[in-house]
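The same subunit A turns up in both complexes below, where it pairs with subunit B and then with subunit C.
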Partner chain A sequence: MELGPYLILASLEGAVTAAVLALTAVGLSLVFGVMRVVNIAHGEFFMLGAVIAWWVAHITGGHPAIGFALALIVAPVLVGVIAVAADMTILKRLDYDPERTIVATIGLLYIIQQLTLMTYGPEARPVEAPFNTRLAIPWFKNGEDGWQMIWPWGLGTTSYKLAVIGAAVTVLLGVWALMKRTRIGLVMRATQADREMALAFGIPVERVYAMVFGLGAALAALAAVLIVPIQQAHYLMGGDPLLLSFIVVIIGGLGSLPGTVLAAVLIGLSDGIISVFFSPTLAKILATLLVGLVLVFRPQGLLGKRGV
Partner chain B sequence: MSARAKIIALHGGLLVLLFVLQFILPAYHHGNLARIMVLASYAVGYNILFGYTGLLSLGHALFFAAGMYGMGLGIQHLGLTVAPAMLAGVIAGAVVSGALALLALRTAGVAFMIVTLMFAQAGYLTVLYFGEYTRGDEGFVIQQAQRMLWGIDLSDPTNRYFAALMLFALCLIVSLWLVRHPFGKTLIAIRENEERVRMLGYNIYTHKLIAMVVSGTISATAGAAYGLLFGYAGASFASVQYSIFPLLWVLLGGAGTVLGPFIGTLFMFYLIDLSSGITTAYMLIAGVVLVLLTLFAPQGLAGELRNRIWRWLP
Partner chain C sequence: MLVLDKISSGYGRAQILRDLSLTVRSGEILCLLGRNGAGKTTTMQTIMGLLPLMSGRIALDGKDIGSLSAHRVPQAGIGYVPQGRRLFTGLSVAQNLEIGLLARHSGPDTLEEVLTLFPRLRERYRQRAETLSGGEQQMLATARALCLRPKALLLDEPTEGLQPSMIEAIRQVIVQMRAAGVAILLVEQRVDAVLSVADRVAFIENGQGGEVIEAETLRQDHSIVERYIGV
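After this line comes the complex of A and B, so read on.
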């Protein structure tokens, strides 16, 4: 294949990565923004979403679309409930102290991951996509008879991948509307701006925290349900989304939602294209170093304006 | 009995006990205890930064691995003998921790934790990337013939136990001396109230820098010794898990106590040893212990002991 079609293919794959990454990272960013809690277990909520999606699809049977549609609802709700329970039993008792919550969420990471290993097992299992039509993409080539439209072999995408992008955009718009247009969003933003003052105005800050933690985890789970027909569900799959979400949230500016989405698109798209030129390990080394250096030299993020 | 005499009696007593135990213990526990003493030395290094200076690093595996690979690659590819290879490991640890300290100490709190985590992750990936030399995840074995120090075979269980005890004793004494020295007292003061120490005219940055290099160098020494005594170096020792372990050991044993790291390592080692007989998901125990500790005993075992009975415990 020539470079042109290859780049189109890479950016299409990149757009899918970016969509899923944006959902996951917005969840992490929301939790950090409102609660000032760095949730190391975020990747495990992602993994739980994928595993629950497999489980739901497995027990419903019938047409794959039925199981998948059920999973889209069940997985985020269930993961959200687990997260709320973790918040109320663990994080609340730590008084949301930043350092102690990091240690506790590391513990939570191992608990969730290892419990999944014990129940779900070490296998990677696929979930069937609800619809999966192949769509070929044409390419123009200047041959002997002038410009011609050709259909290069391998250049194409599936209807499901386009649906993933569409769904992610819809959900992100929904989150934006929730934060900016509803009373709940207003309460969340008030808590983010000044916890003590919000408390003084009678906002039940602890309930808001529990809700935000649940919402953040549910977003990660939703992202996982969307990606699981493309990847497979595995108990160690939470590591990469966690690392990438961290990169996105830090580069986008800690706690800023628009910055997070922009950075997700940037990282997701460049991830596909960079891996054309570099080995994936080298790309990861560069990415982790970038995050470290951004935190050292520009802690407000590349796009953000506020300090940490 | 003065506090000084009590401290000497307690810590000296532990070392004597460990010395005597090697003649009594059955082979299995004998081997375990040698391993525990090396890992406890790693925890002692971690404790200097986390327990005494109050800086929570999530990247100490980088230093542990720097020591291990500085030593291992020296033996494997440069044909060094044991003593220069150990020295190479220690120097590698000092250089790497110094470099990371220069960068990471520009940040504080949560940012410090993430920066150390990210650089350690980059280090882990670097080990994988240069798989041609490091043999990546698979790792490489250091042959028995390469583990002869001045005619002493370090792969022999008795010699190995004795070497591990020497290392641990050295780390324990350095740690004890450091925290009773004015420099160590300043570190504790920085942990308790950084602004006040700054106001008193101390240079916070230099103190933290030295603490991080000392901590990193001890960790690297433990890493080099681990590779040497047990004859293996692999990428898993550079992974996040090995940054979490010393945190876990120190938290369990008691952060900011000289004996805490040893107690924590001993307990955690046997907890995981026993549970891995029951299930492959032994890291579950680590997770549960971490959560329970942060919830109910942030002071750890030795910390609780200090709060309740022995108020003089350093």
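After this line comes the complex of A and C, so read on.
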């Protein structure tokens, strides 16, 4: 058995995990960075995205691509609206106090989870991928006729998985452009730098907060829509993305978007490779160990700045 | 003209200001003098709406601004240069100024005027705010407030920790703003710096307003200052 093809397969699986994780974690990081709110309910926004995607695809019928394309828009928007409502009715009334918002978002987690259980039910339901062509993984082998391309038996990925990676990269570039190149991004970064001074220079901080919270939740929902043809929608599916997002955000540096993406790629790829060659449990153990090491030796994270 | 009419304010339940009244006329520099903890910075934060107004009234050119939410206060025309500068770190000089311009939709001509006042900022235009020297940072903090085309300007210890040439540069700009008809409220620790620039001096003690005296009188008779400040 050759190692090479398996390594490519593992890396591809890891890249899919990394892509979805990066989107989810960037949402969490954005909310923490700008609002200083630790959103425990972030995983539930992810789950809602998946459930809404199933629901949209189920109602639409017809070719799976139509329902999926619709879900790609409806789920993030709807989840974003729910998050904005949660921000205005709950977080704003707590004055965005760091401790109380943690407790409040824990409450939000259970409310969303149980409401989903009561309405959607305990089943895991699949959403059909819009396209799903099987692609064999090529490998080069030096045989009797010199180098030739072979397709090792049983190793393959799908066009959909490659599309997930592409979509995540596109969205992340979009978020980067939003933060660095637009006026809204400038206002968001000013609010992140100094909330009081933002107010003193006419920035409607409460509106910025509501928008950021909605955007963060929408990113999680979008990630879930992308993953649901691979993973199925279930009311408890928010736990893992929440834990992994926290791991990624801590390793990358709280509030640092490039750090978050870097850590997501690191954790995602290592998760894929270790899962394929050893076991998924070992992958989680190593990721958690890495968090411990980062917290001890580089508390500000890989790309984070030292706090004031 | 900026009028504070018997304002009370504080942090949470701790009241700091008690029925403080002040009037800053357009085209004058009123200096607020008082010991540490007397409520000078609190006064400025209350005007900006960053601390809740418990009672009293704040008006700018006759328009009530005490009841506005915090982000509306600068939009009404108040520029704030806070203690410790508090620039938007991570943002460039240009972006810090852009935030100032956005507040009152000031045009590029305002930016041009401000950069003419502080040519040093033009040289540092693309640099990040936190990489500037202390004096340059103070220039940026002042310039950012001027980008609002303010009717009233609040300056909280603008010359703290600066070298003399920088102090002079900042002072020049303040005097120019006075000539342009801006109402200027200045908090300053160093009495000599105050007396060289102020038109009137208001004393504040334990959150309550004291005497308001023409600066000219104080220049001739230092003993009044010593009574309040205890130097």
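Just a few scattered comments:
Methods note: the second predicted complex is superposed on the first by the 292 of 308 C-alpha atoms of A that agree within 3 Å, B and C clash if a C-alpha of one lies under 4 Å from a C-alpha of the other, contacts with A are read in each partner's own complex, and residues count from 1 in each chain.
Convention: a contact is a pair of C-beta atoms (placed from the backbone, for glycine too) under 8 Å apart; a residue touches a chain by one contact, two chains touch by 3 or more.
The structure displayed is predicted, hence computed values, not measured ones.
Overlay on subunit A: subunit B and subunit C fit together in the combined arrangement.
Of the two partner chains placed by superposition, only subunit B is touched by A:Ser279; subunit C is not.
Look at A:Leu243: by the touch rule set out above, it reaches subunit B but stays clear of subunit C.
Between the C-alpha centres of subunit B and subunit C, as seen from that of subunit A in the superposed arrangement, lies an angle of 80 degrees, given as a multiple of 10.
Once chain A of one complex is fitted onto chain A of the other, the partner contacts of A:Arg93 are limited to subunit B, with no touch recorded for subunit C.
Touch criterion not met for A:Thr260: it reaches neither subunit B nor subunit C. When subunit A is checked against subunit B and against subunit C, the one touching more of its residues turns out to be B.
By the document's definition of touching, neither partner reaches A:Asn39: not subunit B, not subunit C.
In the superposed pair of complexes, A:Thr24 makes contact with neither subunit B nor subunit C.
Per the superposed model, the minimal spacing between any CA atom of subunit B and any CA atom of subunit C is 15 Å.
Subunit B contributes residues 56, 58, 103-104, 106-107, 109-111, 113-115, 118-119, 121-122, 125-126, 128-129, 244, 247, 251, 279-284, 286-291, 293-295, 298 to its touches with subunit A in the complex. Residues 48-50, 70-75, 80, 82, 86-91, 95, 98-100, 102-104, 144, 148 of subunit C are the ones that touch subunit A when the two sit in their complex. On the subunit A side of its complex with subunit B, the touching residues are 38, 90, 93-94, 98-100, 102-104, 106-111, 113-115, 117-118, 243, 246, 250, 279, 281-282, 284-285, 288-289, 291-293, 295-297, 299, 308. Against subunit C, the residues of subunit A that register as touching in their complex are 183, 186-187, 189-190, 192-194, 196-205.
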